[in-house]
Structure formats: C-alpha cells, structure tokens
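Heads up, the next two complexes both have chain A, just with different partners, chain B and then chain C.
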Partner chain A sequence: MSYSVIGSSVNRVGGRDRVTGRQVYSADVSVAGTLHAKLVRVPCARARIVSIDKTGALGVPGVRMVFSGEDLEPPYFRYGPVFADKPIIAIGETKYDGDPVAVVVAETVDAAEAGARAVEVQYEELPAVVTIDQALDPGMPLVQDPDTRGDSPFRDTNTLKEWRFGWGDVETASADLVIENEYSFPMISQFAMEPFAFTAAPDHDVMTIYTSIQIPTKMQKTIADLLGKPLSKVRVVAPDPGGAFGGKQHPKFEPVLAYIAEKLQRPVRLELTLAESFYAVRRTSARVRVRSGFTRDGKVAFHDVNADWLIGAYADITPRIVEKGSYAGGGPYVIPAVRILSRALLSHTTPPSAFRGFGVPQMNLAIESQLDIAAKKLNIDPMEMRLRNIPRKGQNFLPDDPACDGHWDQVIARAAENIGWNTPKESNRGRGMALGIKMSATTAASYSVVRLHADGSATLLCGTSDMGQGARTVYAQIVSEELGVPIERIHVVMGDTSTVPFDLQTTASRSTVYMGRAVYAASQDVKRQLQEASSQGSDSNEEILKSLFGKVSGEIIGVGTARAEKRDGHPLGGHTAFYELVCTAVEIEVDRETGGVTIHKLVTAGDVGKALNPQHVHMQDDGAAVMGIGHALMEHLIYDERGRLRNAGALDYRIPTTKDTPGKMVSVFVENEDGPGPYGAKGCAESGLLAIGTAIANAVADATGVRIRELPLTPETIWSALQEAGDRS
Partner chain B sequence: MNEMTTVPIAVTINQTRYDVEVKAHHTLLEVLREQLHLTGTKRSCGEGECGACTVLVNGEAVNSCLVLAAEMDGAEILTIEGLERNGELSPLQQAFLDRGAVQCGFCTPGMVMAAEYLLRTTPHPTEAEIREGLSGNLCRCTGYEGIVEAVKHAGRETDS
Partner chain C sequence: MQSFKYARPESLPELLELLEKFRDRARLISGGTDLLVKLQHGNLAVEVVIDIKRVAELSDRVVTTNGWVSIGPRAVIGRVVRHPGIESAYPALVEAGRIVGSVQIRNRATVAGNICTASPAADTVPPLCAYDARIRLVSTEGSREVPLRSFFVGPGKTVIAPNEVLAEIRVPAPHGAMGSSFDRITRRRGVDLATINIAGVLHDNGTAVFAFGAVAPTVVVAEETSGDLCDPTVSADRVDEVLKTLLATARPISDVRSSKEYREAMLLVAARRVQRTALERLTQARGGRE
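Right after this comes the complex of A and B.
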C-alpha cells in the first residue's frame, strides 16, 4: 500500500516545545495559592510508629498541617490496581524504607522542609523481610496483616499469590538432554528523568489532580473513591510524562495529597527528587529455576519452571506482571510440555510496578540462556536452534491463544544478517542472540473524537499519555492520512479527563493498535459525514465545509471506538491483541583483566507489522537497547540487611551515559502489515528490552566459555566468574 | 545563614536584566524555575549528576542545581528559553528536532545547553568529543543515538 504520511518519519508532534523548553511537565504546573508538602520518613525498612510529636513542626512559621496516620479513622481507605491494600499513609507501622509516616504542608517549600525536620518520630525498628529466602521463611514476620487479605489461601504467609500455567506432561516428556539451572534478575529502577511531581487542587466541588501518569482514568477512579465523589467531579490533568516506562501507571502520593487538599480546601503540591522517586517505584526482581529437556535434534521437549518474584510491601500491579510474564514464559516456541509455577512474594521493600517488558525479561534470562546452553551441548548453532523451535505464521504455540501472527523466521534472519552471524569474528569476541516475546493488551477500551473545524483544520481528542513514545505524532499522521489535513494543522489534545474521552490505559505497547484504531475510526466517521454532505454537489473538503458552514459556522465531529472485551475463563482474561516479538543480537568483547564488557555491535530486530513512523520505531528500539544495556551490565538496587535502600539517586545508581552505548547500534524491522492496528501495525515499545540482558549473557558465554546466570554482568561479577572457572580448570 | 536571609542580585538572563532578591540558600535552578518562572530548565537529580539543569553562566556550562543564586550577581546567563531567535529555532534545536534526538524531552533542555557549550568551545567535534562532552547529561529515552547525530549535524552546519 502506498500512503501519503503513514510510513514516513514526520517530526515529533510536540518536539518543538521540547527543544525550546516550552513543554509543560507536571513539576512546571503552578496553581495559585498552592501549599507545599514534604514527606517525613524513618530510616529503616520496617518500624512500629510509637509516637509522632508535631508540636515543633506546627511552630514553624508557614506550616499549615502535619498529617499522619493518627489523623485517620478505621475503616481505612486503601487503594491499588489489583488489591486495594495500600493506605494513603503509614498506619501504625512503616512497611518499607521510604514509606512516609507524616506529611508536612506549608506555605513555602522551605517552611515545609523545616517543618519536616522538626517532626519528632519515635519508632521501634522491627525485623524486615528483604530477600526471597526471608519471604519464604515461615519464621519471618508477615508483611501484610492477614486480616487485610480477605479469604486469600496465602493470607498467613508472605506469598501474595501463586500461578500455575502449562500444558502437556513434563514428567513423561522424553528428552535426550536435560539441564537444570537457577537464574536471578535484579531489582531495577525505572529512572525516568522526570521525578514525580503532583498537585491536588480543590475548586468548589471538583478535585483536580495534576500528575505525570500513564493511566489518568484509573487515577480519577481512585481519587473519586477516596473522596466519595462522582467521576465527573474528579479531574485528572496529566501533562505529557517526562519518561515513564511503566513506573507511572498507578497512583503514588496523589491520594494523600488529595485527602489533605480536600481537608484544607487549598491546592497542595509535592515534588520529589530523582532519588526520592527510587523509593516510590522499582522493577520486580526474580529468581527462576528451570529444568529443561531437549531432543538430540535441538527441539525443546519441555520446560519445568519455578519462579519466585520479590514484590514489595503492597501489590500494586505486580500480580499482573507475574501472571503475564509467566504465562508466555516458555518463549516464542512450539513446546510439547510446559509447567510454570510462579509465586509473588511480599517483602519490606519499595513496591514494584510495571516496567517496560512487564515480567518478560526476568523469565527471558532463564529460558533463552537454557536454549543457548543446550545448543552448545548439542553442538547446534544457537540461531539454528531457535529456528527449529519457533512456530510458523498461523501455527499454534500457546494452547489457549491466537496462533503465531508473524513471520518470525524473517525477524531472526534480519538480526542474523545485520550482526553478521555467519561471518567469521575476531577470536576474542563473542556473539549472542536471544528472542523475546510479550503478550500485549488483552482487553481494551479506547475512545477518540476528531473535530474537523470549519477552516479545514482538525482537533483530535484522545486519552493516551504521550510519555515520549510519540503517540501524538502517530495519531496526527492517521488523521492527516485519512482526512488530508496537514499535520501542522492538527492539534492533538490528551491528558485531561474532563476534556478527552475515556481510555483504559497507556500500557502494553497498545496505543498505536487500540487508540490508533479509535482515531482511525473517528477519522472515518468524519469522512463519512463529509461524503454525505458532498452528495449535495461539492467534492473537496474546503468546498463541503464552506457549503455546510459558510453562513452559520460549525464543525464535523467524528467519534471512534476500539474495544476488546474480557474472555471469561481465559487465564489472562483475554486474547493478546498481537505478539510483540524481538530478536536481539550482539557482538561483544570481554576484558579478562577487568571483567569489563565492550559491546561492539547491537542489533534489535522486531516484527512491527507496519512502522507508521519508522524514525519513532528506531528511537524506541535504540532507547530500549541502551536501557537494556543498563539492565545487563550495571543497574541494580541494593538493599542492606535491614532493608535500607543504599543506592537511590543518580550518584550511586548508574545508568548508561553517552559513553556506554554500543560501538554500533542497528534497529531493523519486519513489516508484513499483518498487525491488528491501523495499516497493519503492531506495538513495538517494549520489545527492544525483552531479550537484551540474555543476548549479552549469551555473548559473554560465547566469548569466555563461562556462563553467568545473574544480571547485571558487572565487571566484578564477570571477573569473579572467570577466576572461579580458571581455578576449576 | 538564616533561611530568611535574602540577597539582592542583578543578572542578565537571555539578554534581559533581572534585579531580584534571592534567598541566600537558594540555587540558581530554584530561582530560575520558582522565582522567575523560567521552567524550561529542568530539575531531576538536584545533585549535579544528571545535567538536566544545565545552563550557560558567563559562557560556561553549569549545573544550575549546584550553584547558589546569590553568587550570580553580575552574571550573564543563557537558558534554553534564550536560544530561539524571533521564533526561529537555533540550528542545534532544529537538529535535535530533525534527527530524532527528542523523546519525552525532559533531558532535552539540559542536553541542548550542554551541546551548545560544546559547539561554542569545539565547533566541529568528533563523535568521541561529542560523547565526552555530553557524558554528564543523562537521557533514559533515546539511547543517545539521535542526540549524538544531532550535535554532529549541527557541528557540520556551522562549517559554512
């Protein structure tokens, strides 16, 4: 198909505001008469709050309120996207390092800070659950009060929930080679450059929340429930987030601010630093034990997986992360028998939330490493091994789900040709490859409105959050393509629940597919109305609009909807809209003296269906690749034995800089226009991160002969592993 | 030093003179953002580790979260808001836009200012010089590819 703007790399809509400093982020919002909040915390993971003396703080000039758990009465309001388990402030006990015990509200930031320093908290430090082994130890304290856990069969343990997936019989599956290993994936920080900033502003009976968030509608519901207001009286204004990566899906401190603002009838604002944001969200760590069987000819016979995921003190969206990450944990392969048991374990650490890849990278490290280990033992090329196991397009590989929806062999071929898989390499170098697959959105509800104005320009309303992925641009391209309106004459309005129609969420690489379809449908609705009017004798948009609105002005309003309903009985609640499939390949070198890894080349190959804006796709891939290098080589949160987070902030937690990127980075994609999105598009925002840690670990093994089963592959880790291997041989 | 202590300063920001009373303990970043409402300069780490708050002070790239506003008396400051001329983007800004150097954009103001400094001191930087010059500026979105490309390109533009 040939298009006018679809498939072309038009510049980012909103890009101009971003290079001039005009873009308004949540911390840039200023509401007249705002009070400033500061959180008071105690320096340990878990403590019994003995008393909070507010006198000193209240004596600081400008301090208006010191709010704490004592100011609340049972039954306590609790919130959370899966379980309503989190109170708006610690009640009686803190549950993780950084869990606030009080909020000081004052006329200025300085006064709030002085007030926070003057609050005297008496507390008794209690033993904390910080590791997977501690969480599994029945002798350790319970993180959540059993009485708050309803009829959960696990209420008297630190297991939040357990999932069992699979098919076939792993016990009887026959295999020529069986290998069993344990892998561990660290806690990682989303590290969006924009720290959290929130303002809650009451005005008559409407509460407005300004916050950088991926799911404004869910925030709206949480605040409405908290304050007992109808949805119409809660307005969430979500300025485009300054990076989110999943970490900005769910409420953080907005509920406590809304509660205080409602009490004081004044706007209240809280801005966190980057370091403080580390205490608000992280990625789930995991320990995955896998027993895998293979046939002599390189077919996977079975995987038997036991995965323990260390979540935090509150569930947030982690049950869904564990569920979805585990479900397709066997990877994009046709496997006769799979058994997966996953457990989400509560701990006294920062509650994790979504992070690009959503539970996939954790499982990927285990499964894709196993494949490589088997390939070596069976003397089969690792790429060939993967080609022998992937499904062909249209072939089923997950029993309850749609068949393979792309030519995945082409994806592997693209990666291979770009990394030079079959070409000779220098002797000190290693190559590694890994596939990744992610289940996308299983339900959807996206609504969009296109307004074609009398002068032929257009306004598009939709509830996606543009956090850098470029949703505004792609939607403007769709409207432009369908209605012939130039991009610069289209205004895309997002992020204000009182203005834009409902959208379920900006997650799971869904927005191009689902909201894209709604925008496409709304454009078609406008087109249809134009055509109806045109049968009265005019043809160009201008002429039709002139005939309609020449005398009394007006506009054409098009409405579009894209929904996917829940499937009862399906383990994930619905069919994935598409599979996000990636093949990552790297060529690296290991410095045996230091353990340092140099990445000479990195290739990300994805199955994108149709790249609506190729430059944007490359940017997603490049960004994910470098973020993945962070995961692979340097990033991990460190908790000490008392559960104190030791490396919050940019000083102690290193992410890749301009000097840590690969010598050469290539992003390629397969386009067969076979996705469910407009023009055959599939989502592609997460794929680049799914397999990269594994690809690098596989390359390190290829270069050194030493297999490391944990991330990050820091120089110390690699060096020690090399020493150990040297000692053994 | 009392939190109430204020100091009068006269600064030139983006060619406009400002006479302001600043709190003795406030950073340049706080004064830019909260007092003068020049919110283009961003706060991320607040501890000199990310470059989001980069501005030029007397021609030098500075992390504005690390310097006290009170020390700025008489200084000539250039922020992201000062690069555009008569509604025209500077070549560097244009290159950022065209070369895919911007995603969420939160690092962009600091990144552009650091690159502006680099090009002023090294008009035709090599890729290694660009990577060195921008190594104090973190970006979590782009993987830096587009940014390095943009600076390379803007460096070439100034050739003529």
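Right after this comes the complex of A and C.
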C-alpha cells in the first residue's frame, strides 16, 4: 500500500518543545497557594514505629501539618492494581528502606525540609527479608500480615502467589543433551530523566491530581475510592511524562497527598529527589533455574523452569509481571514440552512495578543463554540453532494462543546480515545473539474523539500518555492520512481525564495498535459524516465544511473505539493482540585484564508489521539499546545484609553515558503489514530491551569462553569469572 | 537544603578576616561542584559559604616560573590541562584532569577544590603527589608551604587550619628527563568516580614515584630507586616484582564500587599500564635530550 504520511518519518509532534525546555512536565506544574510536602523516613529496612514526636516539626515556622499513620483509623484504606495492600502511609511498621513514616507539609520547601528533620521518630529495627533465600526461609518474618491476605493459600508464607504453565511432559521428553543452570537478574531502577512530582489540588468538590502517569484512569479510580468521590469529581492531569518505562503505571504518593489536601483544603505538592526515586519503584529481580533438553540436531526438547521473583513489600503490578513474563518463558520456539513454575516472593525492599519488557528480560537471560550453551556443546551455530526452532508464520507454538504472526526467520536474517554474523572477527572479540518475545495487551478499551473544525483543522482527543514513545505523532499521522489534514493543523490533546475519553492504559506497547485503531475509527467516523454531507460525493473537505457551517458554524465529531474483551479460562485472561518479537545481535570486545566490555556494534531487528513512522521506531530501538546496555553491564540496586539500599542516586547507581554507547548502533525491522494495528502495525516499544542482556552475555561467552549467568556484567563480575576459570584450568 | 549565609569578599585580607571570624562554621566555594552537592543532599550544614571567585589575589591561572609551575587556586581543571606548560611536562596530570567528571564539571571545578575536598578517589591528587607538588597556605598569621603528600589526614580532612586558605599549588619542574602517566579503573566509561586510580613518574636517575588513589583513607605515595622501572631492558617479571612491592602499601577496602580483591588486582593492572606508558615517555625524553 502507498500512503501519504503513514510510513514517513515526520518529526515528533512536540519534539521542539521537549528539546528547548518549553515542555511542561509534572514538576513544572505550579498551582497557586500550594503547600509543600517532605517525607520522613527511618534508615533501616524494617522497623516497628515506637513513637513519632511531631512537636519540634510543628514548631518550625511555616509547617502546617505532620501526618503519620497514627492519624488514620481502621479500617485502613489500601490500594494497588492487583491486591489492595498498600496503606497511604506506614502504619505501625515500615516495610522497606525508605518507607515513609510521616509527611511534613509546610508553606515552603525549605520549611517542609526543616520540619522533616525536626520530626523525632523512635523506632525499633526488626529483622528483614532481603534476599530470595530469606523470602523462602520459613524461619523468617512475614512481610505481609496474614490477616490482610484474605483466603490466599500462601497467606502464612512470603510467597505472594504461584503460577504453573506448560504443556507436554518434561519428565518423559527424550533429549540427547540435558543442561541445567541457574541465572540471576538484578534489581534495576527505571531512572526516568524527570523527577517524580505530584500535586493534589482540591477545588470545591473536585480533587485534581497533577502527576506523570501512564494510567490516568486508574489513578482517577484510586483517588475516587480513597476520598469517596464519584469519578466525575476526580480529575487527573497527566503532563507527558519525561520518561516512564513502566515505572509510572500506578499510584505512588498521590493518595497520601490527596488525603492531606482534602483535609487541609489546600493544594499539596511533593517532588522526590533522584535518590528518593530509588525508594519509590524498581524492576523485579529474579532467579531462574532451568533444566533444558535438546536433540542432537539442535531442537529444543523441553524446558523445565523454576523462577523465583523477588518483589517488594507490596504487590503493585508484579503478579501480572511474573505471570506474563513466565507464560511465554520458553521463548519464540516450537517446543514439545515446557513446565514453568514461578513464584512471586515478598521482601522488605523497594516495591517493584512494571519496567519496559515486563517480566521478559528476566526469563530471557535463562532461556536464551541455555540455547547458546547447547549450541556450543552440539557444535551448531547459535543463529542456525534458533532458526531450527522458531515457528513459521501461522504455526502454533503456544497451545492456547494465536499462531506465530510474523516472518520471524526474516528478523533473524536481518540481524545476522547487519552484525556480519558469518564474517571473520578480530581476536578477543565475541558475537552474541538472542531472540526476545513479549505477549502484548490481552484486553483493551481505547476511545478517541476527532473533531474536524469548520476551517478544516482537527483536534484529536485521546487518553494515551506520550512518555517519549511518540504517540502524539503517530496519531496525528493517522488523522492526517485519513482526513487529509496537514499534521501541523492537527492538535492532539492528551493527559486530562476531564477532557479526553477513557483509555485503559499506556502499557504493553499497545498504544499504536489499540488507540491507533480508535483514532483510525474516529477518523473514519468523520469521513463517513463528510461523505454523507457531500452532495455529489466528490466535494473536497473545504467545500463540504463550507456548505455545512458557512452560515451557522459548527464541527464534525467522530468517535472511535477499540476494545478487546476478557477471555474467561485463558491463563492470561485473553489473547495477545500480537507478539512483540526481536532479535538483538552484538559484537563486543573484552579486556581480559580488567573485565571491561567494549560494544563495537549492536543491532536490533524487530517485527513491527508496519513502521508508521520509521524514525520513531529507530528512536525506540536506540533508546532501548542504551537502556539495555545499562541492564547488561552496570545497573543494579545494592542492598546490604540489613536491607539498607547502598546506592540510591546517580553517584553509585550507574547508567550508561554517551561514552558507553556502542561504536555503531543499528536498528532494522521487518515490515509485512501483518499486525492488528492500523495499516498492519504491531507495537515495538519494548522489544529493543528484551534480549540485550542475553545477547551481550552470549557475546562475552563467545569472546572469552566463560559463561556468566548473572547480570550486570560489570568489569568486576567478568574479571572474577575469568579468574575463576583461569584457576580451574 | 538548609539555609546559609553567603559572603563574597573582594580581597585576600577581607577573605582571611571572614575565615578568622567564622572558622569551621564557614566553607569556601569556587566551582562548587562538590560543595553544592553536599549542601543539597543535606550531608553538610554550614553557617556561611564564602565565595572566593572575586578575590583578586587568588589567581585563576597557570604560571610557569623558574623551576616551578604555579597553579592558581581558582584555576579550573579544564583550563589547567590545556596549559602548554602543563601539557608538555605533566602528562599524568593532563590524563587525570581530562577525565574528572564531565566537560561541564571540568569547566567549573578547580584543581584546588579537587585537592581540598580530600576525596580518597580524587583524580588530580595522585599525579600531583607523584610530581611532588607543594601547597601554599595563607592565613592572617602568615604563609606556609606543605608537601601535597603530607597534606591529607583522612577522607575529607586535610592539614588546612580553619583560618587558612589554599593560595597556590606549586609543581616542581622536572630535573632532567622524566616520563609519567596516569590511569584509572571505573565502572563505566563516561563520568565516573575512580574504583582505583594511579599515577607514575619515572625519572632519568632511576627513581620511580607512584601514587594511588581510592585504596586507602588518603592517597598513597610509594617511591622506588632500584632503577628497574626506568629501564626498558628489564624483564616484565622483574617490573611486576617491583610494582608489587610498591603496591604493598595500598590498603584497599570493599565498598559499593568494588571489592577489595578487584581493587588489588586492578592496582597491578593499572600500575603496569602506567609504568609502560611512562617508560615510553621517559625513553622519548631521553632520546630528545641526546
């Protein structure tokens, strides 16, 4: 198909504002008469709160309130996207390093800080659950009170929940080669560029929350439940996030601010420091044990997986992360037998939430490393090994789910050709490849409105959060394509629940597909109305609009909806809209003396269906690549044995700088217009991150002959592994 | 951030008077790249911050005099490493200065500040120690000179008295041919603190001076006079042996940045690299003289 603006790299809508500093982020929002909040914390993982003396703080000029758990009465309001388990402030006990015990509210930021320093907290440090082994130890304390866990069969343990997936029989599956290994994936910070900043502003009977959030409608529901208000009286204003990556799906401190603001009838604002953001959210860590069988000709015979995921003191969205990450844990392959047991384990650490790739990279490290180990033992090229196991388009590989929806062999071929897989390489260099697959959205509810104004310009209303992925641009392209309105005459309105129609969420690389379809449908609705109004059927938009609104002005309103209903009985509650499939290939060099890795080239190849805006796809891939290099080589939260976080902040939590980016970074994609989105598009926002850690680990093994089964591959980790291997040989 | 008073003296006597008055309740600011972070994070509370950027007597330049190179207390790192007199004679200082922080930091932060913050991981300190730099301190009571090697007392602690200010960093000009180099180990390539850092200076007379950072509460300086490190004909095994004796004075610890074992191993790796480069430079310098 040929299109006018679809498939072309039009510049980012709002891009100029972002790079010139004109963009208004949540931290820039300023409401007149705002009070400022500062959180009070105690420096340990878990503590019984003995007493909180507020006198000193209340004596600080400007301090208006010191709020703590004592100010609440049971039954306590609790919130969370899966389990309502989190109180708005610690009640009686803190459950992780950084868990706030009080909020000081004052007329100025300085007064709030001085007040926070003046709050005297008496506390008793209690033993804490910090590691997976501790969480599994029946002798360790329970993170959550069994009485708050309803009829959960695991209520008397630190297991939040367990999942079992699979098919075939791994016990009887025959294999020529069986390998068993354990892999560790670290805790990682989402590390958005913008700070977390929240404002709760009451005005008569309406509570407005200003926050950088991926799911404004769920925030609206949480605050409505908290304050006992109808949805119509809670307004969530969500400026485009300055990076979110999954970490901004669910409420953080908005509920406590809304509660205080409602009490005081004054707006209250809280901005977290960068260090504080490490106590607000992180990525789930995991330990994955896998026993895999292979046939002599390189076919995967079975995977038997035991995955333990260390979540925090509160569940947030982690049950869904573990569930979805585990479900397709065997990877994009046709495998006769798979058995997966996954457990989400509670701990006294920062509560994790979603992070680009959801639970996929954790499982990916295990499965895609196993494939490489087997390939080496069977003397089969790792790329060839993958080609032998991937499904062809239309072939089933997950029993309860749609068949393979793309030409995945083409994806591997594109990656191989761009990394020069079959070309000779210099000494000390290694190449590695890994595939990644992610289940996308299984349910959807996206609504959009297109208003075609009398002058032929258009306003689009939709509830997606444009957190850098470029949703505004792609939607403007769709409206432009369908209605012939130039991009610069289209205004995209997002991020205000009082203005835009409902959207379920900006997650799971879904927005191009689902909201894209709603925008497309709304545009078609406008088109239909134009056609109905057209006298001969051939009038231009301008002529039709003139005839309609020449005397009494007006506009044409088009409405579009895209929904996917829940599928009862399906393990994930629904079919994935599409598979997000990627092949990452890297060429690296290892300094054997220091353990340092140099990435010479990194290739991301994806199956995108149709790149509505190729430049945006490249930006997603490049962004994910740099982020993935952080996961692979340097990022991890470090807790000490008492559960105190040792590297909160930019100084000792390292993310890649421009000097750490690959010598060459390439993004390529396969387009067969075979996706469920408009024009055959599939989502591609997360794929770039799914397999990078594994691809780099595979390349390090290729370069050094030493297999490392944990991330990050810091120079020290690699050096230690080389030393150990040297000692052994 | 806790509030503080701000003073901006225009002359040295005015500055010294303020220091006499406030003593350890005052902190000096020039680039502020360390101080502001500490104030912002609440790790430090002071009564008054004294800005020295308008004090005319405190130079922001590098001046080459007979037998010495003088680095002014307000000279920013970016400028110091581009000075021809530094570039030609002190490559270890240039290599160290070029990787302190980021471009923005280097154009703001001073060498004097890097020294006075007294971080065990400061990058410009090992080369300056290896070059045997001297620090001139002044107060209302007068002036004194301290070798940089005995300037540090502990992390964040120096011999500067509460009423003193660093007035000059003096680096002796090389006697005869000299080769030097700097290297460090970091967790990433851009903008990082040293896991360990090391500077080595090899003299024509066979003396080798090595200084290591981030391996003890203060910089460690070790000197060696066998001549083996300055001799291109000496075997790698012998060089290793000598380097190991030099490194024995280091006392690295484990922390969030590195384990003790890794630091120990990297000291040797970096020391070898520094010795190799320094020796090439020494050989070149010797050749140039002949």
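Going forward, the second predicted complex is superposed on the first by the 726 of 729 C-alpha atoms of A that agree within 3 Å, B and C clash if a C-alpha of one lies under 4 Å from a C-alpha of the other, contacts with A are read in each partner's own complex, and residues count from 1 in each chain.
Rule of thumb we're sticking to: contacts are C-beta pairs under 8 Å (C-beta built on N, C-alpha and C of every residue); 3 or more make two chains touch, one makes a residue touch a chain.
Here the structure is a predicted model, which is why all the values come from computation and not from measurement.
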Practice prompt. Go through the superposed model and pick first if A:110 touches only chain B, second if only chain C, both, or neither.
Written response: both
>> A:593 in the overlay: touching chain B, chain C, both, or neither? Say first, second, both or neither.
In response: second
Next on the checklist: Quick one: is A:658 in contact with chain B, with chain C, with both, or with neither? Answer first, second, both or neither.
Outcome noted: both
- Message: Going by the contact rule set out at the top, does A:719 touch chain B (first), chain C (second), both, or neither?
- Response: second
Looking at the overlay, does A:706 come into contact with chain B only (first), chain C only (second), both, or neither?
neither
Between chain B and chain C, the one with more contact residues on chain A is chain B
Check the residue A:638 against both partner chains and state whether it touches chain B (first), chain C (second), both, or neither.
second
TODO: May I ask you to decide whether A:668 touches chain B, chain C, both, or neither, giving the answer as first, second, both or neither?
DONE: neither
Would you check which partner chain A:264 touches, where first means chain B only, second means chain C only, and both and neither mean what they say?
neither
Have a look at where A:20 lands relative to chain B and chain C in the superposition and call it first, second, both or neither. first
Check: chain A residues flagged as touching chain B and also chain C 110, 114, 273, 275, 651, 656-659
Interface with chain C, chain A side, in the complex: residues 110, 113-114, 117, 273, 275, 593-594, 633-634, 638, 646-647, 651-652, 654, 656-660, 714-716, 719-720, 723
Chain C contacts chain A in the complex at 1-3, 41-42, 185, 187-193, 256-259, 261-262, 265-266, 269
Per the touch rule above, chain A residues touching chain B in the complex are 9, 11-12, 14-25, 27-28, 30, 109-110, 114, 191-195, 240-245, 271, 273-275, 467-470, 615-616, 618-619, 622-627, 649-651, 655-659, 661, 665
Listed in rising order, chain B residues that touch chain A in their complex are 3, 23, 33-34, 37-47, 49-50, 52, 79-81, 83-84, 89, 93-94, 96-98, 100, 102-109, 112, 130-132, 134-148
